[in-house]
Every structure is written in C-alpha cells, then in structure tokens.
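Chain lettering (A, B, C and D) follows the sequence in which the chains are written, and residue indices restart at 1 in each chain.
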Amino acid sequence: MGRRRRRLERQAGAGAEALPEAIAALSRTLPTRPNPETFRRAKFDLPEAAPALWRLLFHVLLREDDGTAVPYPEAQVRLVKSALRAHGYPRPALTQLPEDGSQGSRELLLALSWLLAGGSLLGRLLTRTHVLTGDQMPMCECEDLAHATACLDLPAPCKDTSNGLDMRYVQWLMGKLRFRWLNLICGHQEQCALLSKIHQYTQGCHSNQSLGHLSAAETELLRDPEAGQQLLWRLERENGRLEAALEWRRLEPIFWQWMDTVLGACPQCPSDTGPQPTFQAAISDRGHEELELVTRELQALWQELQLAAEARRTAWEAQVQIQGLELSTPQVLVSEAMVERQLATLRQAWEQWGALPHGPHRLVRCESRALPGGGLWGTEAIKALRSKAACLEAELHWLQGQCQQELAGLAGALPEVVWIPPHGH
Amino acid sequence: MSILTVQLGQCGNQIGFEVFDALFSDSYCSPGLCSKKENEAYQASCKERFFSEEGNGDLVARAVLVDMEPKVINQTLLKASQAGRWKYSQHACFCQKQGSGNNWAYGYSVHGPRHEESIMNLIQKEVEKCDSLSGFSIIMSMAGGTGSGLGTFITQKLQDQFPKSLKMNQVVWPYGTGEVVVQNYNSILTLSHLYRSSDALLVHDNDAIHKICEKRMNIRQISFSDINQVLAHQLGSMFQPTYSAEGSFHYRRSPLGDLMEILVPHPEFKMLGVRSIPQMSESSLAYSTFTWAGLLKHLRQMLISNAKMEEGINWHVRPPVSGLPTLGKTPCNKELHFNTSIANLVILRGKDVQSADLGGFKDPALYTSWLAPADAFNAWKTQRAFNKYEKSATLVSNSQFLVKPLDLIVGKAWNMFASKAYIHQYTKFGIEEEDFLDSFSLLEQVISSYCNL
Amino acid sequence: MLPADSSRRLVAELQGALDACAEQEQQLDQSLRVCRRLLGTWKPAGVPEPEPSHEDPSPGAPSPQDLKELELLTQALEKAVRVRKSPSKTAERAKVPNQKPRTKAPTAPAPPQAPGRTSSHTSVTRPTRSSHQPKVLTTGHQEHRLRPAQERATLGTGARATKPSLGDPQVTSAAPRGPEVFTLKEKGSLLRLPLAFQKTVSQNSRLWAQLTSTQASDTEEAAARARFLQKMQAASGRAAPGLSMAQVEAEVGTLRRACWLLRLHMNNETAAAPADWVQEYRRVLTLEGLQTMAGQCLRRLQELRQAVAGQQLDPWPLGKPPQACPCRGGADANWKPQLLLYSSTRELQSLVAHQLHTTMLAQQLHLQKVLMAELLPLVRGTPSPSRLALCRAVHSLLCDGGQHFPVALRDEPAD
Amino acid sequence: MTQSVVVQVGQCGNQIGCCFWDLALREHAAVNQRGIYDEAISSFFRNVDTRAVGDGGSISKGRICSLKARAVLIDMEEGVVNEMLQGPLRDVFDSKQLITDISGSGNNWAVGHKVFGSQYQEKILEKLRKSAEQCDCLQCFFIIHSMGGGTGSGLGTFLLKVLEDEFPEVYRFVTSVYPSSEDDVITSPYNSILAMKELNEHADCVLPIDNQSLFDIISKIDTVVKSGKLGKTVKPKSLVTSSVGASRKRHQKPFDAMNNIVANLLLNLTSSARFEGSLNMDLNEISMNLVPFPQLHYLVSSLTPLYTLADVNVPPRRLDQMFSDAFSKDHQLIRADPKHNLYLACALMVRGDVQISDLRRNIERLKPSLQFVSWNQEGWKTSLCSVPPVGHSHSLLALANNTCVKTTFVELKERFTRLYKKKAHLHHYLQVEGMEEGCFSEAVSSLSALIQEYNQLDATKSMPVQELPRLRIAV
C-alpha cells in the first residue's frame, strides 16, 4: 500500500512541501542529526553551514561510534578529504577547500549526496549504531584493522621523534601487543564460559522460541531495571531512526530533484590539475608497495606452480609410457570435471571470502542439532575460520621467509661477525 | 583468571607448598585490616587464581606436582594434608622412581620425552578445571637435573600445547659457593632454553634469601623451609590481588598477563627480580611502625644500588645526572654501581595506600634511554594489608639486577667448558658441545644487551 | 635509531593496535563483570534492595557502617599485634580449621519480602499483562511473583521511582520471612522478559525488515540516484568514473586471498603421497589448473597496475581510510540478525579463540607489511657494524614476530 | 624409589658385606619403628613371605615378614660365606644368592679373572639377573672386593665387565680395599695393577679404602676413648667402629672394627637416597658431580664424627669440628692428604639435625684452606638427610675427587715395578690360559696414564686462576 501512496504523491508533484520533510527525515537518520536548515544554507554555499557538514562527513566516513573524542577541525578536514579521495570522489574542488574547515558547504553537501547516492551508506550507518541485545562474537579482523588505520592519521602522541627512535622501543611495543592479545584471548575464554552458563540456566526463558534463552544483556535487564531502562530507551531511539529512514526512502526522489538544482548552481569545474596537498605526497607510493607485494607473491607462486606442474606431468607421462597405459575418454572427462569442480570451489572461496560470522550474530546455545529457524553452526564457522587462518598464516610465513633470506644475505656480508639466527631456523 | 602452578623437582615442590600455604594464610588467616566486604572480595579473587573448590568446599591448589623420585612429593602431600587447611588434588602428581641425577641432559632428553604424555595429560586435566587460564607458574631450580632439565622441557611443551597461555618460570638461582658441582652448566642450559620458550624468568637467589633469613628474620639455624617461606612471602605479595586501576576498587583480573605486559615485552629482557619491604620476624614486627615515605625511600635505594634487602643499603649510589645519560649507563662495566632499569612494578599493600607518593620511581634517570617512565613504571595497590604487615611494598624489576650473577655463572661455566670437564656426562644423553655453544652465545648476548641499556 | 618519519608511522601503527586491544579489553572487563554478577546471587527486578550498588566495595565512599566496622577492626588488630608475643606457628595453624572458608559468594543480606506486597502489585499490573506471560514463580514451598520490569516501562516512570524508599511502609514492616537467595543456576529458567522490552524489540526487527525489503525493491529511487551520480561526474570535468582507490584496494585484497588459497592448495597437492596413475593424472590437471588461475590473477593485477599508473588515479592517501567493512553492513546493507549456534562451552570457546586468532593474524600481517616497508630499506645498503644493532632488531621483528632474537658474535679470536 | 644390589666378592668383600648387612638392618630397624615394609627398606631388602612355596614371592607392601638382602655373595672358598650362613644373619640370605667354590684363587688375579671368570660367568649372570628382576627400579650395583687377593680382585673385576654389558644403565660403584705396603700377599701388586685396569675401564665410581688407614683410625679412637680424657662423655654405641647392639653374637674379630667403618661408609653414601631430607642426593648424582672426566672416578672418602658426645645439645663449635675433621688427613679412609692436594670436586653428605646454614657456614669457612682446580672453584655438592646414623645425632661423609689419591697409585706402581723387574711369580700368571705378558704392560700403561692425568692437574695447582677469554658479542 505504501508504494501506491508514494506514487500518488509523486504524481501530485508534491515537491515544494515535501522537500523539507525529506530533508528532515534524512537529518534524523544521520549520525550527528544536522539541522535541516544546514542543507538549505549549503545550497547557497554559506560558510556558517560548513563546520557542521565537515563534522557530519567526518562521522559518516570515519567515526565508528559518535560520542568519542573527535580530532580538532584541521585533522577532521584532512581526514575527510583523504577518505573521500580514496572512495573515488570525483570533484577536485573539494581538495582545494581551506583546511580550517570554514568554507565549502556546498561542496560538502555534494559530497554527502554523492555518498548517499552510492546506495549503501544509510544502511551502513544504521547497522553501525544498531543496538544489540544478544550476545556477540568478539570483533572480526576487518573492524579492528579499520580502527587501527583510522587512528593513523590522528596526531599520535609520539615520543620525541625528532631524534629518531630506538628500535628497542619498537620491539617493546610489539611485545606488549602480543601480551595484550594473549590477555584478551584469555579473557574471552572466560567470557565464553560465563555466557554459556547464563545461556544454559535461562534456557526456555525467551519469548522468541528460536532463541530459547536470554542473553547476558537481557538477563542484566532483569537484574538491574535501571540499566534495562537505558537499553529500552536506546532501542526506542533506534526505532525512531529506522522510521526516519523509511520516511526518507519514501521522499528520496524529491531530494534528488532538489540536488540537481544544487549541482546546477555550481560553477563548472575546469580540469583537475590542482596541486596535491603536501601531506599525501610523502608516502604516496605506499599503495603501490602493496600492489608490488601481491604481484611478487603471485609471480613466485606462478613459477612454483609451473615447475611443479611440469615435473608432475613429465613423471606421469613417463610412467604411462613405461607401463603402456592409456586413459579412456570417460576417464578423461570424469577427471576433468572433477578438477574443474574443485577449482571452481576454490575460486568461490576467495571471491566470497567466507561464510564467516561477520558482524552481529546472536550467539545461541542449542544442544540439539535440530533448530527451527536455522542459523550458522559453530562448527561450520570454525571450519571457515580455520581455513582463513591458514591462509593468513601462509602469507605471514612467506613474508617472514622473504625477510629472512634478505637479512641473512645482509648479515652474511658483515665483516668479522658470526650471525647466529634464533633457534628453529 | 587462574594460574596453574607446576612444581618440579625437590626445590619446586618444597617451594610450591610454601607458596600455596602463604597465599592461603594471607587470604584466610590474616586480619587484612580492611572491611569485611573487601576482605571477602580479596579472598574470592585469590581463590579463583590459585585454588579450585571441591564439592564439599575444600580448597584444592591449582597445581601439578612433578618429580622423578617419589620421596619429596610424598612428603609434600603429607605436609599439606597434615596442615589440613587446603590440599593438593589427588590426581595431580607425577613421580617416577629415579631422579635425574643433577644432569640437565638426563632431565631434558630422557625423562622429558619419556614422560611427556603423562605429565601433559595431568596438566591438561588441571587446565580444564579453570574457567579461564591466565598462564602457568613453573617452579624449578636451575642447578639440579629434574627441575632444570625436565622443567625446561615441560616449559617448551607448554609453549607448544598452550601457545596462548603465559608462562612464567620461578627460577631458583643456586648458592654462589656451589650446591651442585655442575650447577653452572645446568644453569646456562636452563636459562638459554627458557629464554626461547618462556615469557618471563623470575629469579630467586638463594644467597640473597639466605641473607634475609639471617639478617632480617633473625633465624640462627636456617633451614630450607625458612628460605622457602621468605620466597613464598615475596611471591605472595606479588600475586595476591590488587586493584585493577588507579581509583578502581575492583581487583585485577589477570595479574600474570598484566605483569608481563608491563615488564617483559622485549625478547632480550626477560629476567625479573623481586624485592619486598619490610621483611622481619614477627616478634620485631610488633614493635615497628612504618610510613609509606620511609618504605618507598628504602625500596628505591634498594633498586638503584641493587641491594637485596633493607639492611646494608649503599646510600651513596645516585642516579646519573639526567642529560648526561651515557656516563653511568652504557659501559659494560662489571662493577656496575648504578642499577639501570628497563621497567619496574611497585606493589603497595596496606593502610592509606592511596597516599603513598611514588614520584621517586618516576625519575627518567632510573630507566634506559629508550623507555620513558610512563612506559617503564607501574604501580599496583590495594588497601588490604598483606600477611600481617600493616604496610608493605614489593618491587618487581626488570633491570641490571641479574647481570652480575649471570655473568659469573656464564664465566664459570665457560671455564669448565674450556677444559671439557663433565661434558661426557651430557653428550651421553645427546647434549653436544654445539648445544653448549649455542647456550653460551645466547646468554652472552643477553648480558651484553642488559649492559648496554 | 630510526628516522623520524618511520618512527612516527611505526609508533602510530603499534600504538593504534595497542589502543584497540586495550579498548576491547575494557569492554570485555565490563561485560565479564556483568556476567559474574549475573552468575552470583541477586534478586530479579522488583525485589526491593535496601542498599544501592552492592558490587562495588568502594572505599572511596564507604557507608557509615563500613567505616565503623573498619575502625573497630583496626583498633582491635593493632592492639593484638602489639600485645601478642609472637604466637607460635603451630598454635596458629591449629586454630585455623574453624576458619576454613566455605567460600560462598558474598551474599548480600536479602531483605525479606513483604507478604502483602505481591498482591498489591499484581492488582496494579493485571491490566497490562498479556495472557501468554505466566509470571508465577514457584520458589520452594512459597509462591512469589517476580515483579516484571515492564510495569515501569509502561508506566513511563524511571526505575528509581519504583524503588521503594526507606519510608515505604511495605518495606519497613516486612521482616517475618527469611532471606531468599536467587541464583541463575537454580532459578534462572523462571525469568521472563518485560513486555515493553519485548514489544520494542519486535518493533525494531519489523522496521529493519521493512527497510531491507524497500531497499531490495526500489528501482525508481535507484535510478534517481544513478542519474545524480552521472550528472555529478559530468560536472566534475572528468571522464567516466575510473576505479576508485577503495575498489582497487578491494580487488588487490581479493587477489591476495586468491594467491594464498592457491598456494595452500598447491602445497596440499604437492605434499600428497603418490597415488595410482589416474589419481596422478588428476593431480597434474589440478596443478595445471592452479597455474592457469594464478596466471589469470597475475593478468588482472597487471591491469590494475596499469589502471593505477595510466588513469592517473589519485595517490593513495595517508593510511587507508576505513573501507566499507563487510561485517558492519558493508556494500550490501542487507542486514538481518543472524544466529550463531553452538552446542557446548568448549565449542563456543574454540569458536571465539579461532575468531580472535584470525583477527590477530590479520593484524600481524598488516604490521609485518608496514614494518617491512619501513625497516627493510634502512638495513639495505652498505653493511657496516653500526647497522648491526639495527639489523638484529629488524631480524627479530621481521623474521620472528619479535619473539626471538639473533646473536651477533665477533669473529676474531678474542684475546 | 630405587634399589641397589650389593655384590660381595672374595673373603674381604664378604666380610665387609657381612658388617654392612648387619648395620643396614640395625639402621632400618631404628628408623622404621612400625615394622611396615616401606620404600626406604626396599632399597636394600626384599620382603618375602616365607610361608609361600618355592621362592616365597616378594611382598611389596604391608608388614615386614622376612627380609632378604639384595645381595649376591661370591667366593671361591667357602669359609667366610659358610660362616655367615651359620651366623645370625643366615635368614637374610638364601642359598640362591650364593656362588662358591672350594678351590680358591690362590691369590692369583688371573685365576680369579680368567679361570673362574669364564667358568662361573653363566651362573653369576643368572644370579645377577634374578636379583635385578626382584627390583622395581635397579639403580646401582655395589661391588665390594679387595685388590690384593685373587678372587676379589680377579673375579670381582671380571664381574664389572659382565655388569657393564648386561646392565649398561645400572651404576657400578666399587668399594676396593687396597693392600697396605706391608701386605702379606706377595703377589698383591700384580693383582692390584691388573685389577686397576679393569676399574679404570668399567667402574663408574671407585671408593678406594686402605687397611692401614682404617687401622690408624681405630687406633686413634681407641687411644681417645681409653685415655679417659673424654670420660663418660662419649655416647654409648656411637663409635663408628662398633657393632654393639647388632643382632649377631659372633665373636669379634680383629677386622670387624675396620670393616664396620667401610660398612658405615656405604650406609652413609646411600642414606640420602633412602631417607627423607631437605636436600636429597640420589646415587646417580655422585658420579655426575664428582667425575669430571670418565677415568678420574676415584673418590677419597672420610667419615666424621667417629664418635658422638653424650651431650645432646651440640654447640656449633662441635658441629664445625665435624666439618674440619672431614678434611684432615687422619680421617681419610685411604692414606692421602686432600688438604694439600688439588680438589676436582667435593661432596658433603650430612645426616641428622643439621641445616643448610650450618653447611653454608662451613663451606665458606673451609674454602680458603682448600685448593680447587681452576675450572671448578666452587665444586661442591651437598646433601642433607634428616635421619642420622644409629647412635649419632649427626654425621658427615665427605667424598673428594682429589689428586691426593695418586699417591696410592704411584706406590702401587713402584711395588709392581720392583716385583715385575725380577719377573717374580710371573709364571703363575702366564700359565693361566688367555694370560700374556701383554696384559701386564697394558695394565701398567693404563695406570701410568691415570697417574699422568693426575700429574697434569697437579701442575695447574700453583697457577693463578685466570678467566679464559669468552665469546665476544658484536653488539
């Protein structure tokens, strides 16, 4: 019924009065809840709208959860610019905006719209702040890495780096990281034991039959009503945002029409030959390094494969010849089909990296194998994780091996030094 | 989080008993000088770490007892059951009939592989009793054969089987004047191998503890039990619960992991020493009062002058003037006067603990040039008093403490090695000269690295 | 010593990783505390508590009783310590057995339940209670009712409002019944979620479902968006949109995964014991197939490299911006709460351990690459003894993940 | 716990053995008041149910029924063994443990080694195997023999080789009684030299004893005790030489006192392995700590105190005296002066109420007066056994690997050379099958090599201890 109503509205050309509604809905959906007025001001490129939009874009692009510390405006601006570039944002005008964040509200509005037009932004933003009531798996690596690199650009409180840095400090930090991980793993083991107990003891308490038991948060809600109230409030707020999002969906076309006018108000860009901001130039080849690295890895692999395949084939042909064997056509066909199937699965494995428990999964303890509703089984997830780990391990070892070779060569060239690598090499 | 103790050999088993007894009596028999509620939380935290509970409420030490001959284990079990306060698990003992004969190679290459499966099974069973295992505390002597050789082997296997759990070896350093003739060989083999498989080596020096018994505890005829009690006191003051953060009143969840993260992240610096203050006999304790300022002043001087107890501290040692760090720090001087630290942890327990001023430990001159005090210094606190001491402080330090003793041991072993004495006893069991050389070079590197802080 | 530039990057990377871990740990700490509390003794919502926040033995703000207790204790002990003449160990040990801990979880003195209380409340709540919610609990021989939290929600008042004040006659007059201990283990299965909560949750999932379905079906909106994008591209003075860095990066990532999967597969194939000749034939085919696939990947990679070089793609910015992470919605916001089922504690632990292990590995791998990029150029070049220390540290970091270290001895015979 | 088997060969070996079993029974009876067969007893005794048929199966737990010595008795004359079987110790042995002949070896090593060796090899092996089977974990063979005679030195050393081949894992500790210079057996230098070669090659540890030293010790005790200077202060039954309170009522023989000392040596040597203590020392630790090079396995031993004063409260001075005495020339069981020679290593095995601080104090005190080889300046091995010997409050056994043992070998070689130059009595040996002159020259060069090794070590004595250049680290 919703669809029909929307059509009707559209036919009525309800542009004028529907636009504020659309913008209001969008605003309610976005993380910093910008004032709808900001959008109108941005259309006319008024500077007072700029700070709010920089902040909004920063949150949209880089901040996992609102509320935590935000870097000072200059850093925000740089981060937003570089993030947009990385996403392939086409307008060079953006890069030329001043770093103090005082200008460019219209450009920013365009950028935001460009992101929205990509389609998945809102969904992503909503999931990011989704209130979880179930028990989760700990974070997956994508999330963690994202975090680590996002921190990268923040002005890190470095030790006095003007004198350079003692390598022993790097080693110290590496070791610390290792211990922290071990601690974390150990803590999670305990958490698992406790969760499992809670799940077991509350079996049958959940109104949702497919879940069966309560999660820790739900149990806590019964223990501590005040916290439960908070949870409830957050859920209600999320519901509000979801409703706003649905509303936005409904009114979206009006917004795009309006955006056409915004775009039209822009002066035409000549060509993009603007100078690159200096902060990017120093390390611009790092991306290529990654490319080079993968190329090297693949080339090495290809050569190894070639050698192995050739050797095997020669050996096999020799064997066949000596023993006077011959493959029948069905044998050939069956074999080829088998191999093909196998390789296709392999290709699938990397193209859809994992039927892995990405993101929010509610942990459900279920002792009987038959469950209504279905879900991902722990054993399957473990299997997937195992193969993923094997992959990562193989790469890590390969890289370590490469380093070892190179360093052994370097060490060997040192005069009057006996180099004793650690045990196990 | 729990810590599983593995007691190895005569020394390890005797000490292990005293440690559990000290932990128990501090938790349950000592006044604590704090509110009932806090005391209960403290007990619960200690229990979770070191004891499991049987159905009938008896406390069972989280420990595995290993020795290659039965006498000591029988004696240890007997002692625990006679005291009747806590007990060892009935099925957590492993012993054989014949010891390792002070031969590291025998413990490592013969007993180790032969009994690997049974011992690891025992350990696995104990591990499964923990909701979460923080790591292992492996108590062993360095001089003998079973503790040192088998202990090293077991540590390696623990590293293989539980790579995600931490391993801290409580290493008992032999008397300098000798208690086993081949102690220096056994020691270098132990240390070098542990350096590869363990996360931290907490060294307990027999000579130092002996002196504490003599000078501080006023014991006339010092027995091993006296020595082990002092050692257990120090370990207890390290591992009993402390608050998880400044201003927090929750007890720390994972002392072992936190301690390692603070003190031993660098692979070349894994050796720790522990100092406690005050230490005295109960009779003198009754007539003494302490202030935090006084205790910490002494403790700091003990640190920088490398004194093992509060008596006979050299008060003339001063930190090098900052700005001229190279003077006192770099040369590999065998008569090091100033003891440079990599990282220190001070643990304070008792009354008014929040008021203690730790500024003296935050002087950058105390530390190596590449770590700032913010990285290198940490303090843990609790206002619950430890073991009848109204106030007490313990210092766990990764510093040049051990350079000199290590250098001595390596030097002595090298002298013996150069004359090829006793080597045949080791090659008999597959430890070749090459292995000795490996151990020597690794330890020389460690010495050199510690010297060049 | 490292040059400042590398230093900053390395320290920032490592510190970032450390902070991420620390943050995780803090969250974990908190949820562990919650779980522990839940597994201890408590009272479900509605049973009045006389004292606020039991779990914090917070001496920062000790209650007057605490202070008094502590003061008395200290006095007594100080006196005892001074008077006593070093009591013998044996005597002390002998007296211990009576102190043997029964190690109960600290039990808060649970206040007795007012007999009249339950009835008065049930009458209030009756109208809001739906029929499918039996809240009758049977504890021992007495019948009690857990007062559902939903009341407060539906009444729209905060939790505090329903907390009985000390002046509440119902509470003060209550004493006759003995304290009642609630543990999840014994009575957990009797808990029920408040209705308001259930409602909100189901509304939430309905909204999500709606959102996903509209997204899947809307073609007109999609067209509007596409039109806008086109216009924008045109207005920016550029030709057709090339590959964005994020896309290149995603592709490179896929190819890297491909490379390692191929390698693992190859290792399996080559390590396998020789089999009969037909089997062997299949193996040859597989290896050749793998080779072809590797070749395809290589070709794609070349294309990407050309794209990067030829299309004048923008240089990669400092660090990677957070890419659309598939685990938080990602490209397909087709979010739907999924269930992850486990059958035993051990399985759950193993699952989580694997998950963390993979995460850790991914981070290690990332760090390895950063370290390689920063450190290898430093140690290359003419060998000199001054490089030796650096070389050792770099070896340790790059070849052993920083866990072991090489030894460098002087060759000349020492004298 | 491990077990040991005592193999007593020849007249001397059996006489010492006899004293040993007597004292061992006494010691365990004193410690084990409850009469339960425990691990400590099991190290030297089997518990046998005599009511059972045949062998009387061994009982591993429970009350003591009948104790049987873990021993093999070998003599090629019947006299001493027969006497033992008729004496009070008869129940401890049974005939299955014996190997005797009637002809004797005629003080000829070659007869003992070659003739009886090959003749009795199978039989000996069978008895040894049997005794080994009865052990849970056999750790050590204690061989007791004399060097001067025929059977003890010849067959005794033959046995060593047999043990080495058959039980390579089991230690071979040999108590060898060396002939005094006024020995009445004229061929004793030949026998000793030939036996020395076997000891060099096949023993793990040799505890050389010499009759003269034992005799001197006894004389000294006699003088002190009889002088009355100590009056009644000497605790009864506390003499190391005495066998008062022993189960046997046999007539005291002149050698008994001397043999008792040796028997005490063996008891103290094994005490720390048998009984509890705060610092245990297993038998396998002895050779590990005290034998730096395979050949240099001769350990000079001394026992103190030789008697205990009746006063129960030992002043520390008294205790320290015990340690001082252990290093004096007068207390060594072989004529040697360790204090003025070079120590390679030293073990102090303490029994009774002595703590680690007493031990440390005395090591610190005595160290300056002792010379240790440069590479083993702290060559101490220590043990603390809480059970003192019967009648004593504490005791000390010092085992020294010291170049002073060389004197005995040098003297032996001189006596041998004097005899050998004249080819005296040589034909008695050469007529034995398999015996050639080469055997003598090999034996003497083996001994010379041993002496040479000690000489080389002695030569380092006066050199200052210097640190050898160590491995140097580049960074």
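The rule we apply is simple: a contact is a pair of C-beta atoms (placed from the backbone, for glycine too) under 8 Å apart; a residue touches a chain by one contact, two chains touch by 3 or more.
In UniProt terms the chains read A = Tubulin epsilon and delta complex protein 1 isoform X1; B = Tubulin delta chain; C = Tubulin epsilon and delta complex protein 2; D = Tubulin epsilon chain isoform X2.
As the structure is a prediction and not an experimental result, all values here were calculated from the model.
Novice: Per-chain C-alpha centres versus the global one: which chain is nearest?
Specialist: B
Novice: Counting C-beta pairs in contact, which chain pair has more, A-C or C-D?
Specialist: A-C
Novice: Taking each chain's centre as the mean of its CA atoms, which one is farthest from the centre of subunit B (Tubulin delta chain)?
Specialist: It is A.
Novice: In angstrom, rounded to a whole number, how far apart do the mean CA points of subunit A and subunit C lie?
Specialist: Chain centres of subunit A and subunit C, defined by C-alpha means, are spaced 16 Å apart.
Novice: From the C-alpha centre of subunit C to that of subunit D, how far is it in Å?
Specialist: The computed centroid separation for subunit C versus subunit D comes out at 69 Å.
Novice: Could you give the separation in Å between the centres of subunit A and subunit D, each centre being the mean of its C-alpha atoms?
Specialist: Taking the mean C-alpha position of each chain, the two centres sit 78 Å apart.
Novice: Whole-Å distance, subunit B (Tubulin delta chain) centre to subunit C centre, using C-alpha means?
Specialist: That pair's centroid distance is 33 Å.
Novice: For subunit B (Tubulin delta chain), write out the residues touching at least two other chains, lowest number first.
Specialist: Each of 164, 196, 253, 267-268, 441, 444-445 in subunit B (Tubulin delta chain) touches at least two other chains.
Novice: By the touch rule stated above, which residues of subunit D touch at least two different other chains?
Specialist: 470-475
Novice: Quick check on subunit C: which residues sit in contact with 2+ other chains?
Specialist: In subunit C, 29, 32, 353, 385, 388-389, 396, 400, 402-405, 407-410 touch at least two other chains.
Novice: List the residues on subunit B (Tubulin delta chain) that touch subunit C in their complex, please.
Specialist: For subunit B (Tubulin delta chain) paired with subunit C, touching residues are 25, 27-29, 31, 33-38, 40-41, 43-44, 47, 53, 57, 59, 83-85, 164, 196, 244, 247, 249-250, 253, 267-268, 281-283, 285-287, 351, 383, 388, 390, 441-442, 444-445.
Novice: Touching subunit D in the complex: which residues of subunit B (Tubulin delta chain)?
Specialist: Listed in rising order, the residues of subunit B (Tubulin delta chain) that touch subunit D are 10, 14, 69-72, 75, 97-103, 106, 145, 175-182, 210, 213-214, 219-225, 227, 410-412, 414-416, 418-422, 424-425, 437, 440-441, 444-445, 447-448, 452.
Novice: Contact residues on subunit D for subunit C in the complex?
Specialist: 469-475
Novice: Which part of subunit A faces subunit B (Tubulin delta chain) closely enough to touch in the complex?
Specialist: 159, 166, 168-169, 171-176, 178-180, 182-183, 185-187, 189-190, 193-194, 420, 422-423
Novice: Note which residues of subunit B (Tubulin delta chain) are touching subunit A in the complex, please.
Specialist: 1, 131-135, 164-166, 196, 199, 253-254, 257-258, 260-261, 264-268, 368-372, 375, 438, 441
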